[in-house]
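A short worksheet on the structure shown next.
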Amino acid sequence: MHPHLLSVDSLSRDHVDHLLRVAARMEPIAQRRKVTRVLEGAVLGNLFFEASTRTRVSFNAAFCRLGGSVCDTTGFTFSSMAKGESLYDTSRVMSGYCDAIVMRHPEQGSVAEFAAATHVPVINGGDGPGEHPSQALLDLYTIDKEFTRLGKSLADAHILLTGDLKYGRTVHSLIKLLSLYAPMRLTLVAPPGLEMPSHLVDLVSDRGHRVEQRDTLASDFRDLDVVYTTRIQKERFTAEMSEGFSLSRDFTVDRVFLDQRCGRDTIVMHPLPRDSRPDANDLDVDLNGDPRLAIFRQTDNGIPVRMAIFATLLEVESLIERDLRDVRWFVPAKFGVDDAAF
Amino acid sequence: MHPHLLSVDSLSRDHVDHLLRVAARMEPIAQRRKVTRVLEGAVLGNLFFEASTRTRVSFNAAFCRLGGSVCDTTGFTFSSMAKGESLYDTSRVMSGYCDAIVMRHPEQGSVAEFAAATHVPVINGGDGPGEHPSQALLDLYTIDKEFTRLGKSLADAHILLTGDLKYGRTVHSLIKLLSLYAPMRLTLVAPPGLEMPSHLVDLVSDRGHRVEQRDTLASDFRDLDVVYTTRIQKERFTAEMSEGFSLSRDFTVDRVFLDQRCGRDTIVMHPLPRDSRPDANDLDVDLNGDPRLAIFRQTDNGIPVRMAIFATLLEVESLIERDLRDVRWFVPAKFGVDDAAF
Amino acid sequence: MHPHLLSVDSLSRDHVDHLLRVAARMEPIAQRRKVTRVLEGAVLGNLFFEASTRTRVSFNAAFCRLGGSVCDTTGFTFSSMAKGESLYDTSRVMSGYCDAIVMRHPEQGSVAEFAAATHVPVINGGDGPGEHPSQALLDLYTIDKEFTRLGKSLADAHILLTGDLKYGRTVHSLIKLLSLYAPMRLTLVAPPGLEMPSHLVDLVSDRGHRVEQRDTLASDFRDLDVVYTTRIQKERFTAEMSEGFSLSRDFTVDRVFLDQRCGRDTIVMHPLPRDSRPDANDLDVDLNGDPRLAIFRQTDNGIPVRMAIFATLLEVESLIERDLRDVRWFVPAKFGVDDAAF
């Protein structure tokens, strides 16, 4: 595997398959039936130059569950960078302290620049409008795991991506990963001005997938396997764009949409967080408790997938099985009160 | 035990007794003579939406001393909640990452709302004017431990609560816990306008305790066993209330008060932090070094009590004795330079 | 050893020698060939009242590599201190939670005041214009280690200190430590107004070292063993001082200076961070990749030196050799892409 994980573009089908297999082997640990200490003594530098509590805690917990220790940094500035330190120096210094580095930064390309100065494995935890490869991997892992449960396969699957397809880096990375697999049917529904960039539509078409673009959810999607909906990343907009833009309720995925336009086992995904405020035009809360709502199984999958990323980059994936012990503390049968029992 | 620890109201006398017994069994670890790794592999989400360094570090250290790993979050906003994420979603997402969650939040009821969405044990680390049950438990544990040392018993004890009894949630929770025990004598001394709420006075009276309310410390308290003094939580006041309010030195507990009006083994407690600035009207620093000043033994007790809370919620309390090893590093005979040698 | 590490002034030659020997024994762990768990169960309070991400992570990682757990606090205020809590109370409270404490604080003397209230070992991680003893120790350790590699000795070494010698606490502490060793030649080059304080020049002279002071780097230094350059700590200046002050390029150490005025094995050191912005008048980036540039080996040395400080204060240095295990995860042969292969 490449020494860093900076972009899904660097991942071959074989790489992705390997990561998904390793993630599946992490499930007993992620589900807290087993404990491993394989990374005991290793130190993760978890560098968040941009706030993202969820992603930070997910990487942190994944590293801890492999037995390692984590040094977190948060806040928009690294104190030494405020004093004019280059990313080159910061990277090289942190490399002397840590065995692996997760970095999130608001500027596109900054994580790659950081990674260029070090041989310590660096994972891109999101670089502004750029990449967030672990999110794409956990999304793909979720689809694969849900399909296995439902007896489905990626071949000929019908996946709907909707919401902000222009600025949502999540859907860009996911569509690239999906394109590596058996030909499937991808329907892209976005309001005018927020369509999927054409080079990505072309890439997916060129790889043999059927792509259809629409500007409304008011259609029949009864053969849908997955609805992947994204929120409008308002912070990506300039003031002018926001002014002229208003999302109608037509783009909201809710119980009515799912009951009337989708199948009985269509799963609903979302990269989270979702905006649950009134008039947010985000995934509706009326699906909470519906077993088709896979968003929390999806976020749960962040743990085995990030464990797999660490285990693969640090080359311990073959050591873990030998190192497992039973969990000794209380673990609830279901983590959430509305979790489906499959 | 209840799957969460949200309020002292949910605790029966049996629950409290069990927690205190488990805390006592944690003492060899808390005093750093022994080490356990019983929670190795477990992850605590230590979520502080309101700054409270002391409480955060205390929970963190307690979990570490059981062998677990801790993911801290600090700061008034959770980045995803700033984007409109509901407590329901935040709770369910964190439940997929963590084995236990401590949450502190400025809004009353928020921790209970958070806990309602998860089966992972949640501990209320303070929700504004609401509850802070681990503080009340460590206060009760301190009284019990000091009484054992002094050959006293809770039955017929005389406990003085003074300071801000209206807004101090600490004294509200403590008085509820005390009321579960053998009838005792409670004297409540507060300036006008800051008296203990009447429903709490009634509750304690109804349970058979003798309650006396006064508006001055200028009395004879020679049979006092405990003086529990609290600071004025100025941040709880509105601007108007602050204006019209001034505490006289008559409410300050100091060496003169203790020597002239209390007994030789009256212990002094305080929830800390105390305001040591001049004119703060808080517990005087002239008692530093006096063995009757129990405030640092009290804060030390936060470790075994919080270990007991984790051990009980995570159901490992019976495993710890088998798992003890000797500490190998230097541990000072006394932690503080003024600590009494008992 | 003294129970705290507050200042290099408290360190005898024997203390320093012992620390350097222990640091050398930590190298297999610091270089990630070996793992120890000797501090398993111990808790470090890593209290940063002033931002210093690098120093914080370095102490954190060093403690983790000994097997301990770390509770970090960051931010300019401790929440309880903002409410009027004294350093005495904060210190005593933290002593009940932690086995060792690192403290960084913007006010000179504050760490010593904090340490005076506790028997738990306290390490000064920098107190404003005061002391930062672990930096001085890692600087000395670096010189010693580089000299061993080059077959040199401290006796008769020629060391150039340049930059801001008035406000740079790093060079003050380093020169004190160097003065404990065999007579050497120290050349001090600073712009007018930023010279080394005369009491330090006197101290070093009195201990038998040859000291020469100059106001320009435009000289022949072909027999130099070490160039130690520091940045201008602009945040130490008052507005007026900054106004009247401008550093010429004459004080910049770069490849031309090193090639024309130094020897083939002169090493270049810097306490970091360096300001890499144009016109920063700091150590030039054109030396990146040059094996004489020791700045990243120097910062790497922070790990074994800080491990040695912890191991010595916590009296576990003799236990570590028995406790070593092999690292099982991937470790790059070189941490940085430009690291020299010696």
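Order as written gives the chain letters A, B and C; numbering starts at 1 within each chain.
Here is the rule we use: a contact is a pair of C-beta atoms (placed from the backbone, for glycine too) under 8 Å apart; a residue touches a chain by one contact, two chains touch by 3 or more.
Please read these numbers as outputs of a predicted model, since none were measured by experiment.
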item: Common touching chains of subunit C and subunit B; value: A
item: Subunit A on subunit B, rotation in degrees - Cα superposition, rounded to nearest 5; value: 120
item: Centroid spacing, where centroids are CA-atom means, of subunit A and subunit C in whole angstrom; value: 40
item: Where subunit B touches two or more other chains at once, by residue number; value: 69, 72
item: Residue numbers on subunit A that touch subunit C, as the complex places them; value: 3, 38-43, 45, 69, 71-73, 75, 78-81, 83-86, 88-99, 116-121, 313-316, 319
item: Residue ranges of subunit B in contact with subunit C within the complex; value: 29, 32, 35-37, 51-54, 56-58, 60-61, 64-65, 67, 69-70, 72, 74, 231, 272-277, 280, 282, 285, 288, 296, 299-300, 302-303, 325, 327-338
